[in-house]
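Got a structure here, written out as structure tokens. Questions coming.
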Amino acid sequence: MHHSVSEADAARIARFRPASGMETPRFAGLASFMRLPVRAPDSAEGVEIGLVGIPFDGATTNRPGARLGPRGVREASTGTRMVNHASGIAPYALAACADLGDVPVNPIDAAATCRRIEAFFADLRGQGIVPLAVGGDHLVTYPILRALGQGRPLGLVHIDAHSDTDDVQYDGTRLTHGTPFRRAVEAGVLDPRRCVQIGIRGSMDAADERDWACGQGIRIVTMEEAVARGLPEIVAEARAIVGAGPAYLSFDIDALDPAYAPGTGTPEIGGFTAREALYLVRALRGLDLVGADLVEVAPPLDPSGVTALAGGQLAFEILCLLADAVAARRAGAG
Amino acid sequence: MHHSVSEADAARIARFRPASGMETPRFAGLASFMRLPVRAPDSAEGVEIGLVGIPFDGATTNRPGARLGPRGVREASTGTRMVNHASGIAPYALAACADLGDVPVNPIDAAATCRRIEAFFADLRGQGIVPLAVGGDHLVTYPILRALGQGRPLGLVHIDAHSDTDDVQYDGTRLTHGTPFRRAVEAGVLDPRRCVQIGIRGSMDAADERDWACGQGIRIVTMEEAVARGLPEIVAEARAIVGAGPAYLSFDIDALDPAYAPGTGTPEIGGFTAREALYLVRALRGLDLVGADLVEVAPPLDPSGVTALAGGQLAFEILCLLADAVAARRAGAG
Amino acid sequence: MHHSVSEADAARIARFRPASGMETPRFAGLASFMRLPVRAPDSAEGVEIGLVGIPFDGATTNRPGARLGPRGVREASTGTRMVNHASGIAPYALAACADLGDVPVNPIDAAATCRRIEAFFADLRGQGIVPLAVGGDHLVTYPILRALGQGRPLGLVHIDAHSDTDDVQYDGTRLTHGTPFRRAVEAGVLDPRRCVQIGIRGSMDAADERDWACGQGIRIVTMEEAVARGLPEIVAEARAIVGAGPAYLSFDIDALDPAYAPGTGTPEIGGFTAREALYLVRALRGLDLVGADLVEVAPPLDPSGVTALAGGQLAFEILCLLADAVAARRAGAG
Amino acid sequence: MHHSVSEADAARIARFRPASGMETPRFAGLASFMRLPVRAPDSAEGVEIGLVGIPFDGATTNRPGARLGPRGVREASTGTRMVNHASGIAPYALAACADLGDVPVNPIDAAATCRRIEAFFADLRGQGIVPLAVGGDHLVTYPILRALGQGRPLGLVHIDAHSDTDDVQYDGTRLTHGTPFRRAVEAGVLDPRRCVQIGIRGSMDAADERDWACGQGIRIVTMEEAVARGLPEIVAEARAIVGAGPAYLSFDIDALDPAYAPGTGTPEIGGFTAREALYLVRALRGLDLVGADLVEVAPPLDPSGVTALAGGQLAFEILCLLADAVAARRAGAG
Amino acid sequence: MHHSVSEADAARIARFRPASGMETPRFAGLASFMRLPVRAPDSAEGVEIGLVGIPFDGATTNRPGARLGPRGVREASTGTRMVNHASGIAPYALAACADLGDVPVNPIDAAATCRRIEAFFADLRGQGIVPLAVGGDHLVTYPILRALGQGRPLGLVHIDAHSDTDDVQYDGTRLTHGTPFRRAVEAGVLDPRRCVQIGIRGSMDAADERDWACGQGIRIVTMEEAVARGLPEIVAEARAIVGAGPAYLSFDIDALDPAYAPGTGTPEIGGFTAREALYLVRALRGLDLVGADLVEVAPPLDPSGVTALAGGQLAFEILCLLADAVAARRAGAG
Amino acid sequence: MHHSVSEADAARIARFRPASGMETPRFAGLASFMRLPVRAPDSAEGVEIGLVGIPFDGATTNRPGARLGPRGVREASTGTRMVNHASGIAPYALAACADLGDVPVNPIDAAATCRRIEAFFADLRGQGIVPLAVGGDHLVTYPILRALGQGRPLGLVHIDAHSDTDDVQYDGTRLTHGTPFRRAVEAGVLDPRRCVQIGIRGSMDAADERDWACGQGIRIVTMEEAVARGLPEIVAEARAIVGAGPAYLSFDIDALDPAYAPGTGTPEIGGFTAREALYLVRALRGLDLVGADLVEVAPPLDPSGVTALAGGQLAFEILCLLADAVAARRAGAG
């Protein structure tokens, strides 16, 4: 069932249609996300969902390259079309979407970049724009959550190979791509009891490295548990954990197996297939999502381009969720 | 159970054995399909199955490169051996196979190329040679079907991410790699009620884009349905749809997930694994196949070469089906 | 010596500055040419130089991929900066430059695409915009020349491995990437006696294949002659041939040696180094250029990306020539 | 349940800890296996498990490159950490592990290299060091088995696409990467009735090519059987076949599907996923393993590096098995 | 000046024309050398120049991959055309050329392979066929020289980064890709005083490693000397050294700088450019060449393909020399 | 002329010989720099030249990847041998060389990393070890210079495409890979009047961006000047500028043209060839070098590996300079 859209809304929304591949080839034109219109954040009137690049990988402790993720995902995303064939969601008919460009990062200064990101997304929140961010390394999620969760601790579905709830590394560095969710819980912008992490795997630095997260009430579903119990059961539990409140979806491309996503800084074998990832994302329809991100696509590490491809197509799937949520809220508010 | 071959036939067939990897390495020698003998179409006496390259990608609306598919698949196919380990089929003992070279395409002119392809395959049909074509983009299937289905509308098993039943694109272009099956139905060389498409997925240009195909009676099995019901059930239905009449198998390599086949123009995540593809092809044994193709392998888009590898090994599997069908018909006629 | 710019012009021009790499990293933001502002051709008021992509390779008779050239060159060009360190030209201070997007090509129909290109560039000419086109295969130069040379046959500096003055191929195909300059001479939009081709090399289909061009008066400088006589002498002759009239510069990336530009459809060993190419382009300063192009960059054929890099940096050099010419004409008209 | 380690042993073992990624990044420092300390075999006192490279591919009959496997696997293995998240095994707390460098191979002489390998591993056996070898092509397993099985024919779990029990090739060559297990059975160092091969697939040179192995009592589980019956059943049978006696694990990376491991000489589509491989390896815990190897990683054939990644992470999993076995034997002996 | 060809010869020669790129695209059809007709050595009547692949790299002491050289060079060579644009030589009008397939090598046994190569080329010599061999590693030159120099010690122009006159390696291995010219001198099939090596460079294992070669009278021109004196002077000296007697040309692709030929086992920076290589080869016209080879192209080490491209185009240049020599001898004999 | 070495020194030095490629293949064994022995800095007794990796690219403002430079250069450097064929220098006979591992960097914190680097190199200086550092991005040179130039401002030969004398970027970031030499001059550890930068090129952010450097007395030789005047003249001037005092050599791999070194973060076309780079480095023999570095090799950006190859072979050349300088000082002190 699709949410109805008023005629006035439909007219407004229609100004934000992607270029059609039936008229010009998908490889033509500047590569904006999904071939959407480009708007600067200060002239984004009418926009409901803003796609934003965050080309920062200065907090990665492994192989770099995710700073080139936004360009790679933009290019790959131009292959997506108008309608989700599985869910029937037509995102560009449900909500006004635009490419809002990139956050002005400082590649050398993680703290300064976090401040810029937080300000950027706070501004979007002020305008009522729901963001879909494309990283960049996973640290970028922390300032986004600060902006979106300020005053309303969010629920979280976090799909990833890693829990990213470390504390410090290298004698005290606190802002790394391994710490965003710990920092966000500490900052009070995530409600740990409404958080679920799915797909966690890979060897550990210490046997107790997940104790903090579990102690906070974060639910960690390892890849082994996900396989053993089956995704339908996992998704049902995840939906119950997150509940009806405002929630955020963070998708780290390394949740996928390296066969599907070799181009990422910290790959771990034994991950999800693309089909499973599609199932997971689609199954989250109906959550009250107020934002989402897709991170850790590192194009230089993948000469075949399948990582950016998966990133671009999953970004489309996530966009469908957000458009559905926007339309639901609009309908609810109507 | 394998079809028996008379002594006279066996002697004739024995002249068409591939070079053996036990005598010279598989990487040695010119790369013909499966290291088979090479024959020009006008000196193909005794040949029962002809492998043919069609190095044309001038009808692709996405990323090009499939014109280099025949060379890539030839090279990769030299790694295949004599006997199918799963089915036990020994194709070179069942039928006389040869590499017949490439159709003389015009890379710039789709219509002229279609005429040349149709003439080439009509000639093979006239000689009683069953073709296994290697593309090239998917448009090439249309003129093949015109040649093989003239006077006997064929059934079809079509394994692909895309239905390829579009009508026109870019203000009226009718011959693209997205239209071959529509054109073939219009030309009366495909019987749509005996057609099944398996693996269809990916976002759609419009919500109604599959209406024409379904309206004609073509059965579309989406990837989601295939996963939900399971391949055995899908295959059983496909066999029932195609029935006992003459049939064609068209395998677009993008049916595979991009992890398995990154080297193709229009990849869609969430596709078949190679194991599923092997299952599907092998399960079609016994259909009355009069030809087949494998298309859309684009080597420049895959630096690891797994796409051509999958293409070459699936071509061997399809060849086993054709050899079995040839032997069945010979035995039936005997 | 640099052309002076009036205060009023400077103010107008200042609205078209690229994003600075000192403020946001060069890998940030959508990849427009040189990080320039983007304007649609129908809202290009004030623009003096328009960078235009032509993502078409449907006329290539060799390896495809140049349709992806505009995206590759755009991305690589974002690494260029504000001032030419060798000539001192500051193009964005001399002329108002913008990225005008791509021509809406039809990848399957060379004739239709030529019509669209011609109309696109005729419109730019009507607006007084000097184009810098990025291909695409070399056929695209033909319709550009039709638009720019209509009524005023142009002079030409053509840097390339191939003369591209063939007549027909494959039983009569006349619009290929090997024929644009013959077609342009036939159409009366090029003045062959003011045309010079530099860097021609590679084995020939026939001993007399350059007779037509030479017979028309086109001056062909082979690579061997260029090396033997030295570039200063070649450039002096080229400038004399082209003279003071309106002229066009066409740079095929395969003029470079494959070590410098592997990502192109028809590479020929023994080409120019990048240093020589920089010398050649810079030495053309002062010609009355009314347009230019850079073609045949095929990113899928170059996993290291140096071809697009050379393309992007040479496009900047060519842009400096055009900006200088625009400023010269403005100054002359003032 | 984990085996207990005495305080004295723990102190000794603690001298062989890998460098921690929490202190210096995993990409820092010389790439030893798992960032372990490096010891020459003649100064390996205290070492219980020795990781050894065998950079030899001179016996491969297909695409070469596995001679570069040890370096590739070393580098990729530096991303593994201290504790197995699935089994809880902390190998560096259970056994003293070290990188013992490479066997001094002769790339041109397979027989000489076999002698050197056998001597190298016989020496390790003499020192009571359990080896984990990283190839190299699969021939290297033969001399290892000669060293380890001398006087005590071993059981074997062999995970591979190929049975590698050929006899001769090319007029009598007996030492190839297709023959190690036949040679080992002939040499009396493998007990064929305690041998199981899992994942065998790919077309065959002859219908009877597995007859010798089966005739000897080797149990061959094809990929098709493994899929049909499910891995738990297969593993149970394998454990029963190998039994309680001393055993060896040989893992050929081409057991994985080419999507997961494109960088290998003789890829066969339809292989195991990485998740299945992890399951298989982990399920072998408890066997009395006296050595193991991981072979046929050929980095030049995989520009994305996922093959070496899978190799490095599977090597860690195998190391966990060996450490567990060492601790079990130590506890049993204590 | 070109050698005249009698009408009868011209008619015979005309049966061995390559397929024309003006009729079918160069990427079409099986990849034979230069798209030439294929003949087995035992049915090569009328052939004067035979192109032969030797897919063997079992004697390489560095990175492997040259066994895939013949396929890579064949594919790249299909881009060459009919006439040498620099020299005007039209090889297919001067001599009957054919692709004679590959020598049946044993990848594991260097000695056996040498015997097979020698027999193969002795047979060609017996038929009066001049060979152009494509390796394979450089050891293959040794058995070729044994076949061609038997009874008439040959002169040699050897273009390479390495002298390849080592004696033994690894405790006595005498047949490696570093020893062919020492072995050939020892066998009496090379006349060392008529041998010149050009382009030698790279660090040395010992200060006296060139003493043996110099002591024999072989003239070694280092890269540094070649640069300092200039190629014209070097070539003049080389021609004087080789003189008028029968001679052989051996071109190791690693003579080129790695920028031009990254795909080779033992690259050394500071090598020839492609333009210099073309100059060197063309300048050898007029030598009494009785055979030639091009070796050490290793396609897996070069994802951009420029190495095979250089190999294919240099092979065409060498073919022009051989055709000229064949025509000269025919004219001289006439 | 080579510096003599006393018998006692020769005996000490002989303990630090690299593994020989005549005994084990160059691809065997752990990849230490030049296959040298590995010593920790705290047990480096007897070492005179220490090769050190600095795997840090956290200060790069362009494409990352140089953190993987030390591993890439180590691996490529294993192909170098014992004696410089051009100069005759045998570095391992002149000085005791060892691989001292990597500086323990913090990938996220440039300031902390600078402190660690400075401390590391100050310790080496205290031990009398001359360092050859391999980066990493160019910022790493700044703390090295702080350690080596403390109390004795150094002269500098700086070979690079970029001057790297910027002041700040992104609102005040002072430690970037574009600022090391400005910071070093400000810190008084470089004597700007004894500094020369060679090869500078590429477009500029502002017309006056080199004013600061020139104002300080640094001599900037652009690529254009270097080509115009010729390298012998440039080198003579550089030697005169640096003079007889203690000096440092910093080689940024992007000084090479991208054809020779595509794998670097900020490539600029029109750079040096490898032959020119060899000439430049060798021509610096005799300077009183107290340290050197080679930086900005970014392996993920170069799938062919030629960049790391150039880095490894140039590192050998630089090592020859350092060994010569060490021997000269030893001889002078003796």
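Chains: A, B, C, D, E and F, in written order; residue numbering restarts at 1 for each.
Basically, a residue touches a chain if its C-beta (ideal position, glycine included) is under 8 Å from a C-beta of that chain, and two chains touch if they have at least 3 such contacts.
Note that the structure is a prediction, hence the values are computed from the model and not measured.
Contact with both chain E and chain F is made by C, D.
In summary, the chains found to touch both chain A and chain F are C, D.
Each chain gets a centre from the mean of its Cα atoms; the one farthest from the centre of chain A is E.
In this assembly, the chain whose C-alpha centre lies farthest from chain F is B. The distance from the centre of chain A to the centre of chain E, with each centre set as the mean of the Cα atoms, comes to 56 Å. We define each chain's centre as the mean of its Cα atoms; on that basis chain D and chain E are separated by 41 Å.
For chain B, residues that reach two or more other chains under the stated contact definition are 23-25, 27, 61, 63, 67-68, 107, 170, 257, 259, 273, 301, 303-304. By the contact rule set out at the top, the touching chain pairs are A-B, A-C, A-D, A-F, B-C, B-D, B-E, C-E, C-F, D-E, D-F, E-F.
Contacts from chain E toward chain D in the complex involve residues 57-61, 63-65, 67-68, 106-110, 112, 170-171, 173, 175-176, 300-301, 303. Put simply, chain B touches chain D in their complex at residues 20-27, 79-86, 88, 90, 257, 259-260, 273-275, 277-278, 303-306, 309-310, 313-314, 316.
Within the complex formed with chain E, the chain C residues making contact are 61-63, 169-170, 200-207, 222-224, 227, 257-259, 262-263, 266-271, 273, 301-304. Listed in rising order, the residues of chain D touching chain F in the complex are 23-25, 27-32, 38, 53, 55, 67-68, 70-71, 74-75, 99, 101-102, 104-105, 107, 303.
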